[in-house]
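What follows is chain A paired twice: with chain B in the first complex and chain C in the second.
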Partner chain A sequence: MFDTPHRETSVDQTEIKISARGCQVYYGDTHAIKDVSVEIEDKTVTAFIGPSGCGKSTFLRCLNRMNDTIDICRVEGDILLDGEDIYDPKVDPVQLRAKVGMVFQKPNPFPKSIYDNIAYGPRIHGLARNKAELDEIVEKSLRRGAIWNEVKDRLDAPGTGLSGGQQQRLCIARAIATEPEVLLMDEPCSALDPIATAQVEELIDELRQQYSVVIVTHSMQQAARVSQKTAFFHLGNLVEYGETGHIFTNPEDPRTESYITGRIG
Partner chain B sequence: MTDMSQPGTAAPSGKNRSSLLAADARTKRRNASERRFRLMGLIAVSIGVLALVGLLTSILGNGLSSFRQTYIALDVYLDPAKLDKSGTRDIEKIKKVTTFGYKPLIEKALVAAIEKAGVDDQGLSGKKIGAMISPEAPATLRNYVIANPDKIGETIPFDLLAGGRIDGFFKGRVTMESAALDRNTSPEQLRLAEALRDKGIVVTRFNWAFFTSPDASDTRPEAAGLGVALLGSAYMMLVVLVLALPIGVAASIYLEEFARQNWLTDLIEVNISNLAAVPSIVFGILGLAAFINFAGLPQSAPIVGGLVLTLMTLPTIIIATRAALKAVPPSIRDAALGVGASKMQTVFHHVLPLAMPGILTGTIIGLAQALGESAPLLLIGMVAFVREYPGAPPEGFFDPASALPVQVYNWTTRGDPAFVERASGAIIVLLAFLLMMNIIAIILRRRFERRW
Partner chain C sequence: MSVSVLITIVLGLAAIGYVLARRRALAVVDGDSRKLHSRTGYYGQFVFLMTAVPALLVMLVWLFVQPVLIESRIGGMIPESAFPEGGELTLVMSDVRRISNGLDAIEATGQGAAAALDATATDVRAEMAAVGVALGSDVSPEVLSAAQSYRKMQHTGAFWLSIVALATALAFLVGSLSRIRADQRARNISENFVLALLIGASLVAIATTLGIVLSLVFETYHFFQLYPWQDFFFSLTWNPQFRGGSDLGFIPLIWGTLYVSFVALIVAVPVGLMIAIYLAEYAGPKLRSVAKPAIEVLAGIPTIVYGLFALITVGPFLRDWIAQPMGLGDSSSSVLTAGLVMGIMLIPFVSSLSDDIINAVPQSMRDGSYGLGATQSETIKQVVLPAALPGVVGAILLAASRAIGETMIVVMGAGAAAKLSLNPLEAMTTVTVKIVSQLTGDTEFASPETLVAFALGLTLFTFTLALNVLALFIVRKYREQYE
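Here is the complex of A and B:
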């Protein structure tokens, strides 16, 4: 297995896609993210690991302002996407989310047809001028979501009728249909069986060619398999961030080491 | 993992090991208490079913007969000497002849019919024979003549209402014994009516007029119908639907999806829940003060009734809609927001369609509640005796009208026992509407069963 992989990371051109500086997140009085600064690279898979409740999801949701929907949630500090502050009052979160797509822990297809699931995003963003173009986008997205062959004969069937793994790949296809630049994935494989997980992981590796992918995962093996960079969170702090291979082979912080060896979390 | 016995029940040595074939004391006690609970449940259900069966039998037994009505088929000679003395066929002069002028014509026609059929007249005088016909009959005749003045001088066949006692006799409400004690009828009249029925002159058939004719005065229950009440109720339901559904749904969506949770929304929420529990008569007082005394809208008008019922229905719709919106899983909202839909798009494209069955069910239940409500309508004067049909909408909303439940109340306060039959018949109609609405609600729920 790939417990300690040494993948050829794209060291040659490391462009920064997202950079967070002194990010603090509060839920009411709870301080959920404490002064996190991190630089997420383009065309790279970045894994967030850490014990549950440490704030991985919270931080991930800051990156596309999904936290805005939680009334009591307050975000401080700067988060820059391509050098622009996404929390600037002039930024429309709706526009931001078209650029920063998201895949959730539980597969959540719309209770509509498979076709409409994919077509919804392009439709509301006006990405297709006519039906033929939309058809093309749907097919392309489903192909890239590695699910085209399974659903091409039943695009009118409800997306909710698919198996869990298929639903999750449908959700990934839906997320990439809007042509985002960053794809955030919050434990996308936690509800999937090993075969579906392997398919999704393969997919993530492919997506790296074009996107910056951030994935939250509970499985250290998964982080090791798919990511080039890993961030370890603990109790709201970013404890360690670096090359995946480096973090897994010789972690600098004792907390990282105990988590990786299974002593906390 | 082999020894699962609890402390005290069996020794680990296996000496006292309990058999699966014999229930132990604890299990027996548990089973006994389960049996007791089931029995209590069964008793509760039986009481409910019995009450329902009793209610339905009583209402159906009393009311079903109102859907049949006794008529007397007569050929009436429209005597020009009586109806148009001037001979000019001037409509204004014809209108001067009151129903009293028509009464003798009908009397004469009935006496002639009896003679022609060769039926024994039981020694009744012409006046007594005429009394077998409803006092409503001359009015029927007069309306016909005013509408067709050129028919004066001809003999026209009419189906005229039989009097309430004759009608009651064929429905079993009036007997020979009760007739002997009754000033309004006599056993002779009943015998004559029976003989006429054998000849086919007196017939009992389906009572369409019950649904189409307006209310009638205390002395002619046989002519009383639900027409105005049905129309009034329909107008009010229309007002309620048009006002309460959009206002209720918009308020719910705003509160549930857009408003920030703070003390103000909490306060509003508590108030809406309390409004749902306010006695309906209070809404009537409010309507009287606000819509009639302050806004100056007319009394007894469906628009006022509709507005009052709207106020009453709104909390029901808002509570049902909010529950339906809450039941839509948050993951659907996340999904929509995640692909870059705006809040509004999320609500209207995804949340609302999924909540729709719940919203419609709530609305129909609210409407059903409003349809059966009488107390607030009494206060805004909808209990008045109305014989004129309200006009076509929108002006008709401002004309006086009645309403189904109020009509029931109205009829039960009248003396003649024939009105008990009418009231029960009206209750059956009301129940039929309510049943229909509830069935629609159930179908909607089934139809759009959760699809996630």
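Here is the complex of A and C:
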């Protein structure tokens, strides 16, 4: 019994950034994602919610082909970025990941200086022609990551020496330094305290001006606070997808209602 | 009664004690084991330990003290006139011991009474030879009688040892059984004993290291009393003369050691690192599970076999194809030979440790890099290797200390000529080779020419110890990074 994703009329009016059609994911013999179709809009925060193990992180990792690094993982169906199939053999996953950046659940700064952490992506992709340009990119990214004021005097200090919340904002700044078009965030606040969470959420809201942001979260309050669209996953199925306000106040599927009222999950 | 039979009996008594103690513990509380402080098994262990440990300790002490006592008494019995020409008491005593063993053997054949042998009447030497005891000279009556009383004292000693050990075991068995009470902390006692055993085991390792260092230090001290230390550390020639007046400069040797080790690391580090990167980052789990043990087989080859390989294959090959055509030398043993072969030996040390260290770099580091659009090789070069670098350096230092202490390969591959040269195709020698050559052979053990081996050993030990400490320090510092 599959529910077709519930579409809002407004979806058609804005630009579609990513569109998945009949996406299936298998880990060996396990069918982890079952026939998920979803359209993610540009300049919007989309939240994926659902109980643990429902496949929301797996689906997120399909969007920038991070699942390629897992040997037993197999993806079927189409995922289009700006109308282009990202699983087409012509597409280099490395180039794709420069366009679709990712922030992980646990802050993972490289054991390098703060400056080198940010400059890592721009250096690889040759975004700066000289040191001055690189300096500029680093400063701009740190400012957009809302961490510039805290680290501007110690750019040579190791990134691993920062606090958990600072590390996560550093990782977000690192991700936006490569000028991605989409930013995927896999439970970016689950390792953070409420104050750091608030800072990151504020940051996400600002990022919406320029990027399409997809965030996986376990906190329904967080989804309600930061996102405009919400998708509810359950046991590998996309149960319901629509305007965040609509999902939380007037869910159509009984499973969604049970989850957001705390009866399952 | 022989010692092994005695030990078996003591352990048997202890086992009986175990069974009795469990019963007694239950009897003390009228069969309700909940009223006991510990489970019944612990009361059994308590009595077992109380029976076995003191008796075995008594035996141990006895077996150390008895020979000393007997030898001092027998030594007094032998008059100086009985010493062979130029001989010493220790030599006579070893004869006495061998004759006494021979007497036992004669007794065992049952052909004659050992006590009745008379040095003047029979040819004792021939009799001994008949039972497999070879003697260097004919046996004088004094020595024979000393051997006979030596044998008698040993038998008496063994008899009393059995009595005392069994008495101790029995006394402690009965004593500990009668001490069993409901509130006795039997578990704590037996657990403390195990704890003491574990501590003792670790002390053995530490005490041995300490003993080795101390013996090196003492002999080195003797050496420096006979030979000026300035010459040892600063002289550029190594030329031992067993007539005396030798040059014992340590610089040519340490130069050879460092040169060979350097060549070995030049071979081992790049190859080992590339193997580690391949295994950790690219190889699939199946290939890895086969390849890693296969490479580690290299570490299991005895170094003497590597030495043969250097001597028979690599040395002549380098001489015929490189050294002679280029006019750089015509010796098959050379620094390059030993270095190359030692490098091969060190590959698994570098690769296996580095592989573990690269694997320990968290996957989240790699994910972070891939997520930014880095390729796998960029990720390895710029994220994984820098993160693993301290550990890899530690692995390399461990390999270096192996190389410095390596002996067999250099004995067979590098030659024995102490030279200060830069030409890698010339024969050179190392500290370890010279230690071997100074200590083997019939030489007096008090001349600077032999004692220098201890000074060399101590220097080498200091080198490898420093490298090991440095490696440990670096590895430990690295470990703290992700925890």
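In the analysis below, the second predicted complex is superposed on the first by the 252 of 265 C-alpha atoms of A that agree within 3 Å, B and C clash if a C-alpha of one lies under 4 Å from a C-alpha of the other, contacts with A are read in each partner's own complex, and residues count from 1 in each chain.
Keep in mind that, in the parts below, contacts are C-beta pairs under 8 Å (C-beta built on N, C-alpha and C of every residue); 3 or more make two chains touch, one makes a residue touch a chain.
Since this is a predicted model, take the numbers as computed values, not measurements.
Student: Looking at the combined model built on chain A, do chain B and chain C fit side by side or clash?
Tutor: Taken together on chain A, chain C would clash with chain B, as the superposition shows.
Student: Looking at the overlay, what does A:Gly101 touch: chain B (first), chain C (second), both, or neither?
Tutor: both
Student: Please work out whether A:Gly245 is in contact with chain B alone, chain C alone, both, or neither, and reply first, second, both or neither.
Tutor: A:Gly245 contacts neither chain B nor chain C.
Student: Based on the superposed arrangement, let me know which partner A:Arg174 touches: chain B (first), chain C (second), both, or neither?
Tutor: So A:Arg174 meets both chain B and chain C here.
Student: By the touch definition at the top of the document, which applies to A:Pro111: first (chain B), second (chain C), both, or neither?
Tutor: In the superposed model, A:Pro111 contacts both chain B and chain C.
Student: May I ask you to decide whether A:Ile124 touches chain B, chain C, both, or neither, giving the answer as first, second, both or neither?
Tutor: A:Ile124 sits against chain B and chain C alike.
Student: Now for A:Asp71: first (chain B), second (chain C), both, or neither, which partner does it touch?
Tutor: After superposing on A, A:Asp71 lies in contact with both chain B and chain C.
Student: Can you tell me which of the listed chain B stretches (7-15, 187-195 or 421-429) runs into chain C once everything is aligned on A?
Tutor: 421-429
Student: Overlap the chain B and chain C contact sets on chain A and report the shared residues.
Tutor: Chain A residues touching both partners: 64, 66, 69, 71, 94-95, 97-98, 101-104, 106, 108-111, 120-121, 124-125, 160, 171, 174-175, 178.
Student: Under the touch definition given earlier, write down the residues of chain B that touch chain A in their complex.
Tutor: Contact set of chain B toward chain A: 260-261, 329, 331-342, 345, 349-350, 354, 451-452.
Student: Enumerate the contact residues on chain C facing chain A in the complex.
Tutor: 284, 362, 364-375, 378, 382-383, 386-387, 481
Student: In the complex formed with chain B, which residues of chain A make contact?
Tutor: Residues of chain A touching chain B: 64, 66, 69, 71, 94-95, 97-98, 101-104, 106, 108-111, 120-121, 124-125, 158, 160, 171, 174-175, 177-178.
Student: Which of the residues in chain A end up touching chain C in this complex?
Tutor: The contact residues of chain A facing chain C are 64, 66, 69, 71, 94-99, 101-104, 106, 108-112, 120-121, 124-125, 160, 171, 174-175, 178.
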